[in-house]
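Both complexes below contain chain A, partnered by chain B and then by chain C.
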Partner chain A sequence: MTYLADVGALARKDLLLELRSRDTLPAMILFVVSTLVVFNFSLPAETGDLAAYGLLWVAIVFTAILGLTRAFAAEREQRVLDGLVLAPCDRSAIWLGKGISVVAFLALAEVVALPAFGLFFEPVTWELVAAVALADIGLAAVGTLLAAMAAASRARELLLPLLFLPLVIPVVVGGVGASIADDPGRYLGFLGLYDLIFAILSWASFEYVVTE
Partner chain B sequence: MALIAARGLGRSFGTKRVLRDLDLDVAERELVLVTGPNGSGKSTLLALCAGLLAPTAGELDVAVDRGRIGYLAHEPLVYRELTALENLDLYGRLYRVPERRERIGMLFERFGLWEARRTPVASFSRGMQQRLALCRTLLHDPALLLLDEPYAGLDEAGGELLDAELAGLAGRRTLLLATHDPGRVGRLATGRLALA
Partner chain C sequence: MSTSLPNNRTAALAAAAFVLLLGGVALAFYWVPNAPLEGFRQRIFYIHVPVALTAYACFGWAAWKALRLLSTRDQRYDLESYTAVHMGVIFGILTLVTGSIWARTSWGVWWSWGERQLVLFLVLFLFYSAYFMLRYSVEPGPRRASMSAVYALFGVVLIPVSFLAIRLAEGLIHPVVFDRDIGSNLAGSQLLTFVVCLAGTLALAASLYGNELTGKRIDERLRELREALE
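Entry: the complex of A and B
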């Protein structure tokens, strides 16, 4: 219970910071909607419907990168991460708290993005919503770990996408598959498995990322 | 028994050796002043003792759980967009401080931050941030205090508050205090470490 209380306090703090500074979420929403608008005008008229789903997933992954780049900005600013790492709580609670806030920001951006996708391209199906929800968990799990690693680096803006993109290729495969396949269950299961494996790996390795 | 014991302790950053071959014993309830010019490794030594850095040479044993360490760094280690109260409340939860609200209120009163408790830290002056950092460091009543330039940014009144605080802590807690002004707390010190 103490662990969950720590996670809750840390996640609440991130949401409060975003509410005050409005640094991340408006940028994510603006980015994902603008990307969909650009794709709408750049896709040739004869392009198949399937391409639109691929572009949606590209937009989601790059929106996640945008949010993750800012994920540890407040901690980096005044070396607050040192203060959190010194606290006697389990250090994985820092990862989980941050991951929850990343999922919340992604979900809020998608609340705007999916209707925009429906408006410009294809109707939003329940399979797509389920795939996006599962993908958010995977993107946040891996991304939060990598964002913490990148935060300690001077080349963090370069490092994060370089590490993140190869690792989330399975999310794109699973997401596109679930969006267009006749049997989306298989791809949704694949996304769920990805979430489980990478959440466990990230949870277990976060301590080593934030300490020397 | 020494609370901090270092043997041949060294720390390098890339090719730059900041600390080399340091032997140190700090017993319980000692107050050891760490002095030396800029770049001599004072802050590095404190970060090593806090567990934020790992030695690159030698051995360091700190016989205190990390939850009983109070670490004052150059930066206040608080969120600028949160208020002073929200910051200490978060740390109080993570450090499992009993009667958290009362303890925070008492520290705010003691360090003259009560009126500013609901003000975002971003609007604090350097001195107020240092006072808040001291409150954060003392919040969980640590057994070992690692204080890096605790007087930095404090005005005369703030300095006097800290003088009184250190006088109260000396002999009751173990302190490792890095300073460029050893005269100010020299009378309380039980040991000195001069880094070159």
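Entry: the complex of A and C
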């Protein structure tokens, strides 16, 4: 139970920090809405309705990148990560706590983005909401680990998208499939499988990324 | 650190690769009968597919060394894993090039999103190129070694997941036009030629790997000596 308490404390710390400083979430919301507006102008008039769903997934992935580049900013600037690694808790709890806060930020950004998408483009279906929820978990699981890697590098913000995009192509496939296919179940199942595989892998390997 | 033994082995592997590849190409050109549908041009199969399988083997080898590094914390596995990824990327590029040539001769286009293997290798190429970016922008040391190892392990998990994703996407975004199911029913002469070519590319990869590993070790040793002198 101490493990869950550690995770809760770490996630609460991130959410409190954001509540007080409001660094990341407003930027993510503004970014995702701006992206949707840009898409309106990048889609020619004859483009099918389906294209809008594809672009929504691009917007979600890019918004996740925006949030993830900030995910370890405080830890890096104030050298908090060294302290966290020294703390008497399992290192994977750091990943889980950070992952929970990333999911929370992404979900809050989407609470604005999905109605905006419904307003500007196509109706938001239940399948789309389910796919977005499942995708958030996968994006946060992989993204938190890669963000910790990128934070330790010189390139930082530059490196994260390069590491992140090839890994989340399957999420985009599953998400687009669930939004437009006649049988969304297969794609939702695939998203769930992706979440499971990569959450376990990231959970197990996070320790090696933050320690020497 | 003795380098004479691995060098002999590398030389033997290089010789084996030369003989096997020469033999394999000769068999592919002069012995194997023309394929029923594709005719003469189908013979690129005997280079393209072994090269692709060799690239998978390199990525798998890199992941195995990465796993050894994480479990033993022995730093020498870092260089081995890195060299294996390096070789995998080289063979991955060869796969993309030969696949592209095959697509051009078969369908008249240099690129087809309907070709699973090619799309998968494009994704893997991007993924492993980022591996190099990661290595170049982190200070050398144990932390870089374990980060690279974790990334290499992600790669080997990404291969089947991406393959599944590409299959799912195919039916959805691009109709499946081409079905190339040659590998499943090889006749005797075709199978033998294929095995000879595969052994040749694997031996080539192993000898390049040994060679590159020796070179990288010498580089590292030289850097240590320079630092010790300063």
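Quick notes
We take it that the second predicted complex is superposed on the first by the 212 of 212 C-alpha atoms of A that agree within 3 Å, B and C clash if a C-alpha of one lies under 4 Å from a C-alpha of the other, contacts with A are read in each partner's own complex, and residues count from 1 in each chain.
Keep in mind that, in the parts below, a contact is a pair of C-beta atoms (placed from the backbone, for glycine too) under 8 Å apart; a residue touches a chain by one contact, two chains touch by 3 or more.
All of these numbers come straight from a predicted model, not from anything done at the bench.
In the superposed model, A:L16 lies in contact with chain B only, and not with chain C. When the two complexes are superposed, the chain touching more residues of chain A, out of chain B and chain C, is C.
Contact with chain C, but none with chain B, is seen for A:I180 once the two complexes are overlaid on the shared chain. In the superposition on chain A, A:A74 contacts chain B only, with no contact to chain C.
In the superposition on chain A, A:D82 makes contact with chain B only, while chain C stays out of contact range. Of the two partner chains, chain C is the only one that A:L167 touches; chain B does not reach it.
After overlaying the two complexes on the shared chain, residue contacts for A:D6 are found with chain B alone; chain C is out of touch. In the superposed model, A:E212 lies in contact with both chain B and chain C. Shared interface residues of chain A (contacting chain B in one complex, chain C in the other): 211-212. Across the complex, chain A meets chain C through its residues 142, 145, 149, 152-155, 159, 162-163, 165-167, 169-170, 173-174, 176-177, 180-181, 186-187, 190, 193-194, 197-198, 201, 205, 208-209, 211-212. Here chain C touches chain A in the complex through residues 70, 123-124, 126-127, 129-130, 133-134, 137-138, 141-143, 146-147, 149-151, 153-154, 157-158, 161-162, 164-166, 168-169, 172-173, going by the rule given at the top.
Of all residues in chain A, only 2, 5-6, 9-10, 13, 16-17, 20-21, 74, 77-80, 82-89, 211-212 touch chain B in the complex they form. The part of chain B that touches chain A in the complex is made up of residues 50-54, 65-67, 69, 71, 73, 75-82, 86, 90-91, 93-96, 120, 136.
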